[in-house]
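What follows is chain A paired twice: with chain B in the first complex and chain C in the second.
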Partner chain A sequence: MISGWLVAALSTFYLAVLFAVARFGDARADAGKSIISANVYALSLAVYCTSWTFFGSVGRATSGGLSFLTIYIGPTLMLMCVGVILKMIRISKVYRITSIADFIASRYGKSQLLAGLVTVIAVIGVVPYIALQLKAVAASLNVLFQQSDHALLPWWLDSTLLIAAVLALFTILFGTRHLDATERHEGMVAAVAFESVVKLVAFIAVGLFVTYGMFGGLSDIFQRATESPELARLLQLDSSRAGTWTAMILLSGLAIIFLPRQFQIIVVENVDESHLKRAVWLFPLYLLLINVFVLPLALGGLLHFNGQGFNPDTFVLTLPLARGAESLALLAFIGGLSAATGMVIVETIALSTMVCNDLVMPFLLRSTWLKTEKQQDLSGLLIGIRRVAIVLILLLGYIYFRAAGEAYALVGIGLISFAAVAQFAPAMFGGMYWKQGTRAGAVSGLLAGFGIWLYTLLLPSFAKSGWIGSGFVEQGLFGIGLLKAQALFGLSGLDEISHCLWWSLFANIGCYVAVSLNSKPDAVEASQAERFVDIFRHAGRDADARLWRGNASVEALVGLLERFLGPLRARQQLAIYAQGRGAVDWHSLPADADFVHFAESELAGAIGSASARVMVASVAQEEDLGLDEVLDILDEATQVRAYSKELEVKQQALEVATAELRGANERLRELDSMKDDFISTVTHELRTPLTSIRALSEMLHEDPEMDLSDRKRFLGIIVNEAERLTRLINQILDMAKLESGRAEWTTSEVDVGNLVREAIDSLGQLFREKGVALESEIPATGPIVLADRDRLTQVMINLLSNAVKFVPGGSGRVHVRVGSDQKSVRVVVSDNGPGLTAEECNVIFEKFRQGGNTMTDKPQGTGLGLPISRQIVEFFGGNLWVESQPGAGAAFIFTVPLPAPEA
Partner chain B sequence: MKRASPVRQRLAALGLLGVPLLTYPLLSLPGGNLAGIPATYFYLFGVWAGLIALAAWVAERRGK
Partner chain C sequence: MTKKILIVDDEPNIVISLEFLMKKEGFEIAVASDGEEALAKVASFNPDLILLDVMMPKKSGFEVCEALRADPARAGLLIVMLTAKGRDTEVAKGLAIGADAYVTKPFSTKDLAVKVKSMLGVN
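Here is the complex of A and B:
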């Protein structure tokens, strides 16, 4: 038996712990040691899981099977689009945005109208959701008290009102400590994260108890469910509801960022952008864990209370109670309480900020009352408004709960709320990624979407509760069948949520895009669009400062800050700002555009961007920049960026060019030293024959008595050396001509086969003298190439004489083969000489390199034949190379391309 | 996080991959029972857990 006092004491104790956690969080934040880590941030996102998750998921599972999971899969997928969320966070930080209404209003030209509209939609959409939380707490209390005496409280005070009052107190204490709404509520976030842990532990505890305590594990529950045809249906996915499935994923994916409380937690309360990296997987993991036991609990409940008419929404409590596990039921109650309180606290803070800044402030700023008391410090008033808003919102929720009670309007409100906030999606996404989106477009899109939501979802839910006539649902408005609220224009076959989502988003996006394309933004809108869409590029305030021109006085602006922020905080912020600009204190600062911008963004943090703009305009005479001028300034900023990028590219090109020049210079130096080498080698080569000619001539000159045979021999040598000298000089001249490109070429059709045969014939004597066998393999006619006949003959003779030089006399063999493929003629001169090493294969084509050992052997050639041959062959577009291995002979191969066939 | 960081793009790709995996028609593929538990139940939670594990791996791979 659970006594009322025990429940009351436990709830009080739990709320006290919550207070303690929040106080600790705030104390640490004040001390500059934030306890908001990545994990705390990720857990606080689980404020998404309200009592609607805690109790309602089981209820949904008893009717819809696994389809309840879509509400958690959508957020998982949405959160992975980190870029989108990061952009929202960055924009909000830079422009001190405090709520989703402020975000949309600020993007579309700081429009008070838009801010108010978004606030109204959010309040209408979300207040019933708050009522649902109160109802869940009330329902769970009812379950606990069913067995005990009920007369704990006097009749005029019911437990739900008490809970609502405590929540209001909590929210006021931790949600409105600072005026500046961009100041984070770290204590509250810590409390919410703590509550997330509590509800997860409680739910899993109940799940484990039911699955393994009351039944024989997961497979036992599923097995027993399969036996009943009614329950077996829940285990199968109904593929005819495929459209609903996808729609729910979309809907919940949008809700995770556009519900006011989610925007508050994800964007406004974000301490560090890198925390998002943890949240992207930890929060989905949380969702997964809290859902594992939902279906088993639903099936277990249905099996256990077969036909006893228990409300499936309270299975989480009734199942443990049925087994007498009272302490577990109390834990479950606390879990449900924490789910409800977490949601209510954050949602109320978010809504109260919106109501204060975007509904109340615009009226206050227009009223004469505010103007007459110019010097008054308004910060206290602002906090007061927010506190009243909190109380009113909770009261509204409570009244709605009392009025709706068990009515349908409350039960179905979870998804109805989701569909309401989904209307923000086009204006938000369009605002972040589409510069052309205008205020008129956003207003008309929101109005159209909201109107359709009202007509197809909210009003029918009222009709189902019997508050208004249901004629417009059943027969259509004015009896027109096409206007049936849940089969608009005859669209039927969808469930009501998908139906509403489809039509409202269709109208919303359609109006937003169509009106945006057909309206012109004003100057403020255009500049805001630029700033929002290009937030990652506008790192500095370069364009911001130039977008404001006018006259202002520092005193007036400071006065404004003091009025709205309170003198203390205003001086604090001014000191920080002055330090940032390198000034000693703010008195010495000029009232320039940058200062105005600072003042406006400070004010925006307190009263919202739309009101801040109005206030700054009231003390500063702003010159009205036309749209064209604003666009010019923005274009200029874009151009400057483009120029700097261009400059960067040019600099890179310059670096590349410098590197190329350096390389060229190096090559030139190399060539220079090669030339020096060449000259010294040439002189050396010329001196060798000259020396022997001179020595022999001197001997002949000095010894007239010399034998005739000796004299003859010497003269023979002199003649040979002189010939060699002539040849050398000729070849050097030839080489020089070739290299300088001054050689004369007479190009004609040359029959290569014929040419090779002639070359072989002219050298035949040489081969016979040395006893070298010469074999050839040459086609009877052709192939024909375009070349200089004499030059090509020169190459051939050079190759043949080289071959005969290096093969051993008597047993030497030289083989000549002429062949051709489609592209070129290939001539191979191979021998069975000593062969070449791989290194020699390369250097042999350098000037004055000789085959064989030049140190010991008498040089057998000039060392210029091969380089010249190569130059000749290359001139005709061919190649000359050698393939050889030491000891296996060498094959000199050259190719000459065949003339292109005439077309 | 830098602009257009590969981490962000990988995560977005994971999210996009999840859409077809967790909606129809792929969702109607698994049928029957595995160890007494419906295959659909296994499939949904399995794919979901897999996506989370991949996201964790991508997000936490290179320090913070």
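Here is the complex of A and C:
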């Protein structure tokens, strides 16, 4: 037995806890230790899940099966557009945006008209949604009290009205506790995150109870559901409803950012852009968890209460009660209450800010009353207006609940609000990405979309409640069939929500684009368009400051700040600003464009950008900048940006060039040192024969008495060394010519077989003298290549004389083979000499590096033969290499490409 | 007592000329054609002075010089480096690792003979 007093006490206790959480959050924020972490931010987004989710999803699932999921797929998809949301957050931070109305108004030239229009649409659109929360709490109370004999309330007091009053009081305590109107509500965000946890826990608890306590688990429920043809239908995807699904996904995707409370939480209350990254996966995960048991609950309820006429929207409560689980039912009630309070608090705070800044303030600012009270601190007035707005909004919700609430299931009401705020999408997205969008376009788009929403969705909902005549729905306005409210221009076959969404967005986007293209923005609009669209490129406030020209006094501006922010907060902000500009005290600051900009953005944080603009203009003599002038300045800013971008690019290019130069220098240094080594080596090679020549000739010269045999021996050495010197000098010159590309080449058709035979003949004497056998395997004619005959002969002679040099006398054998394939001629000179190590195979092609370092006797030759030969072969496009292993002889191989066959 | 000179060079013709030159001056001569052989000959022949080429197979003249200078028993051995690489850095390196003199190739036979004799205290 649940007593009314127990429910009342529990609710009061819950609200007290909530309040404590909020106080704690605020206290921590004041102390500079924010408790808003990425997780808290992500959880606070779950304010999206209202009592509509808590109770209504189950209700919707009992009639529409899986289609309730669309409401959660849309937000998940939308959150993936991190870039879009990030841009929205950045713009809002930079320009101190306080609400979605402020955002749109600020973008289109700080227009009071637009701000007011958006506010009106938001209030009218969202009131049904607030009514929905009242309805949900009232319905859940009714369910609890049906079980109870106690009459908690006197007959004349309506429990729903009481709930509205309590919520209003609570919201006032919550959102407008502070006298300063500009701060974020960190306490509120913390409380909302807390509520998200409560409702998730409550819902899952009921889900587990029903699934495992009342039934035999998930498979049991689904098993039993498929046995009933009625229920089995709910489990199937109905392809004929694909259009509805698309509309729902689009609608809910837009709602997740454009519902005033969602914009408040996602954009305005965001403390750190990086939190968004966590929310992108944590929030969809939350949605998944809270939806896991929706279908089991719906099916369980239908199975359990088969045909007893229980309202499916209250299954979450009635199922536990049916089993007497009263404490679980109370937990579910608290869960529903938390879902409702979270939504109502944030929504009414967001709406009251909009009403205050964008409807009441513009009116007050014009009235004479405010002018007579010029010296008064108005921050208290602002709070007062907001509190009244909160009460009025909840009152409106209550009135709607009374008037139309009974006609709709919970989900139906929520979707009406979704469709209303979807009208903000063209103006918002267009404003963020399309500079040509104008105020006139935004106003006409919003009016068209809102008008159609009103005609096709809101008024029919009134008509269904019997509040107004339903003729325009059934026969069309004035009896014209084309104007039937829910089959406009003959578009029938859609459900009412899709029908409204497609027509309203069509009209909205159409008017926005068409009117924008045909209207000219004024100066403020053009500059705001530039700033919003290029928000990430506007580094500082340079352009902002230069877009203001006129005279102002510091005292007047500070006076404004004190009036709207309160003296204390105004002084704080001034001190911070002065510090930022490097001044000790704000008194010494000039009333320049930058100061005016500072004052205006501070004011915008309190009363919205449109009103702030009006207030600043009222105390300063401003020069009106023409559109052309503004565009010039912005263009200049663009040019400066382009210029600095260019500079950046150039600097990068310069860095690259510097790196390249450094590399080139390094290579030059290397080459230089190689050249140095080369010269040193050449010097050594030249000096060595010279040393013998000089020493021996000096001794011959000084000693005429020398023995004839010695004399002869020495002269022989001198002749040999002189020859060696000549050879060396010739080869060095040859090498230098080849390397510098100044060698002369006479290219002709050369018969390689013939050439090799001639080379062998010319060296025949040398081989015979050393007793080395020379075998050859050469075709009778050809192959023919295009090359320099003398140079190729030089290569061949070099290879042959190297071979004979290194093979042992007497037993040495050298084998020459000439062959060819389709592409090239291949000449192999192999020997049975000592062979080469793998390292030596490379080294011997370097200059002055001779093989045979391990031999005791110094090898003959200059150490230039092979490098020269390789240069020659490579000149003709061939290769020269050696294949060898120590002890197994060596095979020197070169190839020369055959001439391409005539095409 | 005749002084003993070890000639180390891998160029046979240079060895021939040095050997002839030094014999004519009345020294006792031994020759080696690479670094390792040089160290072995120092041990067996026990020379007073060594004419040491730098660029040689197996062990360079620098390495031979370092090895000899590391041996305290050979403290009195005079070392004359011979090199065909005339760069200042090579001269400095040779002297730094303990050579007593440094002669670049091609050298004047007369000057070399005078230098060797004075180093050995012979006239």
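One rule holds for everything that comes next: the second predicted complex is superposed on the first by the 634 of 903 C-alpha atoms of A that agree within 3 Å, B and C clash if a C-alpha of one lies under 4 Å from a C-alpha of the other, contacts with A are read in each partner's own complex, and residues count from 1 in each chain.
In this text, a residue touches a chain if its C-beta (ideal position, glycine included) is under 8 Å from a C-beta of that chain, and two chains touch if they have at least 3 such contacts.
Since we're looking at a predicted model, the values are computed, not measured.
Legend: residue contacts after superposition of the two complexes on their common chain; A:Val82 is shown touching chain B, with no touch to chain C.
By the touch criterion defined above, A:Thr688 lies against chain C but remains apart from chain B after alignment on the C-alpha atoms of chain A.
In the superposed model, A:Ser618 lies in contact with neither chain B nor chain C. By the touch criterion defined above, A:Met699 lies against chain C but remains apart from chain B after alignment on the C-alpha atoms of chain A.
Within the superposed three-chain arrangement, the count of touched residues of chain A is higher for B, of the candidates chain B and chain C.
Using the contact criterion defined above for the overlaid structures, shared-chain residue A:Asp710 touches chain C, although it does not reach chain B. When the two complexes are laid over each other on chain A, chain A has no residue in contact with both chain B and chain C.
Touching chain C in their complex are the following residues of chain A: 680, 683-685, 687-696, 698-699, 702-703, 710, 713-714, 717, 720-721, 853-858.
Remark: chain B residues 1, 3, 7-9, 11-12, 14-15, 18-19, 22-25, 27-28, 33, 35-38, 40-41, 44-45, 48-49, 51-53, 55-56, 59-60, 64 touch chain A in the complex.
Looking at the complex, you find that chain C touches chain A at residues 10-14, 16-18, 20-21, 24, 33-34, 55, 57, 83-87, 104-110. Those residues of chain A that touch chain B in the shared complex are 38, 66, 69, 73, 76-83, 86, 218-220, 222-223, 226, 235-237, 239, 242, 245-246, 249, 273-274, 276-278, 280-282, 284-285, 288, 292, 295, 536.
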